[in-house]
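Shared between the two complexes below is chain A, which has chain B as its partner in the first and chain C in the second.
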Partner chain A sequence: MIEILLIVCAPLIGGLIYGLERKMRARMQNRQGPPLLQPFYDMWKLIDKQAFIINPYHTILGMMHFISLWMVVAFIILGENLLYVIFLHLLSSIFLILAGFSVKSIYSHIGSNRELLAILAYEPILIMLGVGFFILNGSFDISVIRENSPALASLFLLFLAFLMLIPIKLKKSPFDASEAHQEIVGGVEIEFSGVFFEFLYMAKWLEYIFIYLLLMLFAGDNILLGTGLFAIVFFLVNLVDNATARIKMSHLLKIVLGIGLTLGMCNLIGLSYV
Partner chain B sequence: MSIYSTLIAAPLLFAVLVFVGTRRVRDVLSAIFIVILGALSLSNIFSFNAPLEMSLPETFHVLFILIDVAVLAYFLWQGALLKHAYVIFFALVQILLYGAVMFLSPSIVSGDIFVDDISAVMLLVINIVGGIIIVYALEYIENEEFTSLKKNGFIAMLFFFLAVMNFIVCTNNIEIFFLLFELTTLCSYILIAYRGDALSRKNALQALWMNQIGGIAILAALIFSILQYDTVYFDVLIANSNPLYLLPIVLLAIAAFVKGASIPFDKWLLGAMVAPTPVSAILHSATMVKIAPYLMLKLAPAMSGFVSLTITLIGTFVFFSASLLALSKDYFKEILGLSTIALLGLMMALAAIGTPEAVTACLVLIVFHAISKALLFLQAGILEKNFHLKYVDDINGLVNHAPLVVFFIVIGFASLTLPPFGAFIAKFMAIESIAGEIIHNPLYAFALIFLALGSVFLTLLYFKVVTKLFAKDADVKSRHVEISKFYTIPSFLLVFLLLIGMYISFERAFLSSLEIVVPLVLIALIPALFSLLLFKKAHRVKEYNCGEKDDIQLSMYYFHMPRRVQITLTILATLGMWILLLGTIV
Partner chain C sequence: MFNLKKYRKKSPWILHYNAGSCNGCDIEILASLAPKYDLERFGVVNTGNPKQSDIFLVTGPVTLRSRERLVELYMQMPEPKVVVAVGSCSCTGGVFRDMYNVEDGVDRYIPVDVYIPGCAVSPELIIDGLVQGLEILEQKTKEMEKPLKLFKESTCEEGIVNRRDTALKVGKIDEKN
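The block that comes next holds the complex of A and B.
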């Protein structure tokens, strides 16, 4: 029962995290920052706007991105197969990319293209992460991972690799080239407006839930450790976001794949020796 | 037994029948034969309970030797006629080795025919997918400018190919296996050279000499098998395999790499694209290249830890490199070809791991790769025939002209990567089985990295093409092109097979029901939303594009692949093969 409640409320919780993040980032920059519920005020405003669409493919694929991402989050909460969750997440990203390519807009195309390259950077690391949990627990099932003791120590190198891909998924500096507001005006987002942009906006909140739920897996059955991890990583990601500048897509690929794969490899090889 | 002899004899018979009667008679007869073949292979898999083993009479063996000599002589003649040094040289080596095999007389005998559950699955793929492609070929070849005799010859050759393939998955005798291996080489040589122009001849000869290397490997394997194990039968060889004398096994595995067009033998399959599209479709999906994973599956129980690990690493490396190389390509069929090479590498890697789970994953991949690739090649043929499109860069906004073709292409690509389709399940199980191996041997972690990177490259590649289908260049008026029913019906049948596959994976619990239903609903939701949401209240607008009014031309992006990367990948793969061979000898 509690799972269903969590699934239904997932976008709202994501919105709260997003509000919290804006507040925190502002404080780091010595600003007052918007109220905690600002994301929801934005949402109301968006719903109230007049609806514009470019073509139905574009709009529907954008909605599908949101719906499938919600399913991904639901699968994690229900404790399904981790590897499967990673691939279902790929499907949801593919919807967004197709949406970006279905309009005749260079910014949207560049954004989609960069989104594809970002997948190239983080997907192998996610798969290795899944395999790491599999070697440790003998199963890909998230429910099993949650019942076992924390994996943080045994998968520490993979944990570091995972930290690198959080900014990619949450579109934070230095790895936010796929959105890059000042440069390509939000990439895929640019051609969405009004209530249809709302879906993309909420999908972003769901990405928060997705990434932090994966993070909590490192804590296994230890809820206290999980909460601690969340708090520390949440702070860290925003600190890095404030302190670094955006890097180019090609550098992102080199850095994340180079360091991430090496860390993951070392961790997997180490695991089989222990 | 009667089922198998019919499966082999019926297409042979029809290959002759095809020349009599008019086109109409030929088409109707073909359809009947294909239905019979499909039904037989289906009934075989349902009634299958125990492996069947039996011997062929001596007259057959004499006949096989005669055909063998004739085929090798034909290769030599072709080499001499077209002045191709490699072909002549390899043909001579083959004749010498074959003579040596004839002189040796092994004493341990077994059945010539052996059909197990793996063969049964292969028969199903060959006859059903191959049959559907032939139905398509009936229409396709009529749109080419050849004499009717040559057209009938084309269909006859395809049926002959099916017969050879049906036989090759049923044989237990390595000598007969060699004959059939050479016959598939012969078939592909004739089919690739079919158009008769200079390029076709060149590529056909390339396919010939590369496959001859495979033939030589099998002959060498035969000689070592006779010397070390005193037998020419697969089952005896595998049951008695000694980790110190694995040379015959490894040589057969190298023959599999050649047939499977693994890097560095990839050129022949890519060159085969010059042939009429049904040839590519049948080579890539149901026949020829599928010998490779089949042979690996047969050999897997005899492999030592070293051989199994090395083949897995080579296979996954090929998966990684072929998908990387495909990213820089523009020719639609070449993209499909490289992805075939990649997936064959993965199949062979899985077969070599040999755990029950890996074997299942390999079989699932064989079946669904065949269906998806056939579907995609049929669309490549339609694009060429009806739209005169060969390059991905030209297919901008095809969705406006031919929504049905776009639908098939999207399904084809999606079924190779995304849940809940069969090939996805295979990839999923592949990761599971490799993860299981890492626990025993950390070197398998490299195989995992190759697999993870390769599968991401393939996703990138497929959706790079798919996005092009949706990209709108200008506001073109929808120009509807009529597509022949003979083209669309085979495609629908293949999509139907994909759906059946989904049901089977549900039945056999490869994935939980939730895991199958959710993505299926998601995908079904797209057309549903299309018909439900009309967006009547929404205003239609042009793209905002930051207010920029300049006319833009959208084009495809490529990933620059320097030549040295290609060469490095080829060298590494070749090195892997040598390590495999030398490691076994030492």
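The block that comes next holds the complex of A and C.
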């Protein structure tokens, strides 16, 4: 029962996290910042706006991105197969990329290209994460992972690699070249407007839920450790976001594939042979 | 039941366009978005994307080169939208008025709702103008909901049918009569 309630409320919780993050980023820059419920005000305004439909596939693919992402979050909450969750998440990203390529805007195409490159960078780490949990627990099931003791110590290098993945997925500096506001005007989301942009906006909130739920898997059955991890990583990601500048896509690939892949491989080899 | 409609004006996303400005006003706009004046506390986000923005901030006298893009950006913004002319140049043409390469202000091409004077404008004035723009945005949102209604017959003069002013928004009919 509580799972169903969590699944239904997932976008709302994500919106609250997003509002908290905007507030926190503002406080870090010594500003007052928007109110906590600002994301919901944005949603309320977008309902009233006129919406342009570029072509039907574009809008439908945007909605599919949101729905499949919601399914991913639901599967994590219900404790399904981790590998299945990772590949379903890949599918939801593919929907967004197809939506970006279905319009004529050159910025949309650049955004889709960069999104593909970002997937190339972070997907191996996600899969290695699944493999690491499998070696440790003997199962890909998230419900089994949640029942075992914390995996943070034995998967510490993979945890570090996962920390590099968070800014890419949440579109934060220094790894936000795939969205890049003002430079390529938001990339794939440029042609969405009005009600249809809301689905993308809510998908952004669900991305927060997805990433932080994956993060909490490191804590296993220790809920206190999970909450602590969430708080520390949330603070750290925003600190790095405020303190660094955007880097190029090629540098992103080099850094994330070079350091992240090495860290993950070391951890996996260590787990199998030591 | 609390009124949800008052929350509509709490999230204005702005689009900033430089129509041949000297960058004085642009710097002031950026200053008002920066920590000291902090426009984000009203929910303002500088989107840079016309399809998702509500308030159009234009700086500079409209030069011949920039006028096409100005009109195109205005057309790409979805309703309801508010245009704010920032600085003396975009209000009247300023010191560039009547020059051969300048079109004397934004309102020669697109309807302007709020004029912010000053060369360069101070951030306080920009904040004041934007907050006034929010009131207009709320009014326009309400106007969009009102239906149009035919209230008089079209006239026919010398074989040319004139349908001007036959249809008006419902609230306006009472004002006219």
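Assume the second predicted complex is superposed on the first by the 273 of 274 C-alpha atoms of A that agree within 3 Å, B and C clash if a C-alpha of one lies under 4 Å from a C-alpha of the other, contacts with A are read in each partner's own complex, and residues count from 1 in each chain.
In this text, contacts are C-beta pairs under 8 Å (C-beta built on N, C-alpha and C of every residue); 3 or more make two chains touch, one makes a residue touch a chain.
Because the structure is a prediction, the values reported are computed rather than measured.
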{"item": "First (chain B), second (chain C), both or neither touched by A:Q38", "value": "second"}
{"item": "Which of chain B and chain C A:Y273 touches, first, second, both or neither", "value": "first"}
{"item": "First (chain B), second (chain C), both or neither touched by A:L261", "value": "first"}
{"item": "Partner chain(s) touched by A:Q182 [first = chain B, second = chain C, both, neither]", "value": "second"}
{"item": "Which superposed partner A:A26 touches (first chain B, second chain C, both, neither)", "value": "second"}
{"item": "Touched partner set for A:M64, first chain B, second chain C, both or neither", "value": "first"}
{"item": "First, second, both or neither for A:F52, with chain B first and chain C second", "value": "both"}
{"item": "Touching both chain C and chain B, counted on chain A across the two superposed complexes", "value": "50-52, 185, 190-191, 193"}
{"item": "Touching residues on chain A, where the partner in the complex is chain B", "value": "50-57, 59-61, 63-64, 67-68, 71, 75, 80-81, 83-84, 87-88, 90-91, 94, 97-98, 101-109, 112-113, 116, 119-120, 123-124, 127-128, 130-131, 134-135, 140, 185, 190-191, 193, 261, 264-265, 268-269, 271-273"}
{"item": "Footprint of chain C on chain A - complex, ascending", "value": "22, 26, 29-35, 38, 41-42, 44-45, 48-52, 181-182, 185-186, 189-194, 197"}
{"item": "Chain A partner contacts - residues on chain C that touch it in the complex", "value": "4, 7-8, 10-11, 13, 35, 38, 40-43, 46-49, 51-52, 54, 78-80, 141, 144"}
{"item": "Contacting residues of chain B [partner chain A, same complex]", "value": "399, 417-419, 424, 428, 431-432, 434-435, 438-442, 445-446, 448-449, 452-453, 455-457, 459-460, 463-464, 466-468, 470-474, 511-512, 514-515, 518-519, 522, 525-526, 529-530, 533, 535, 537-546, 548, 552, 554, 557"}
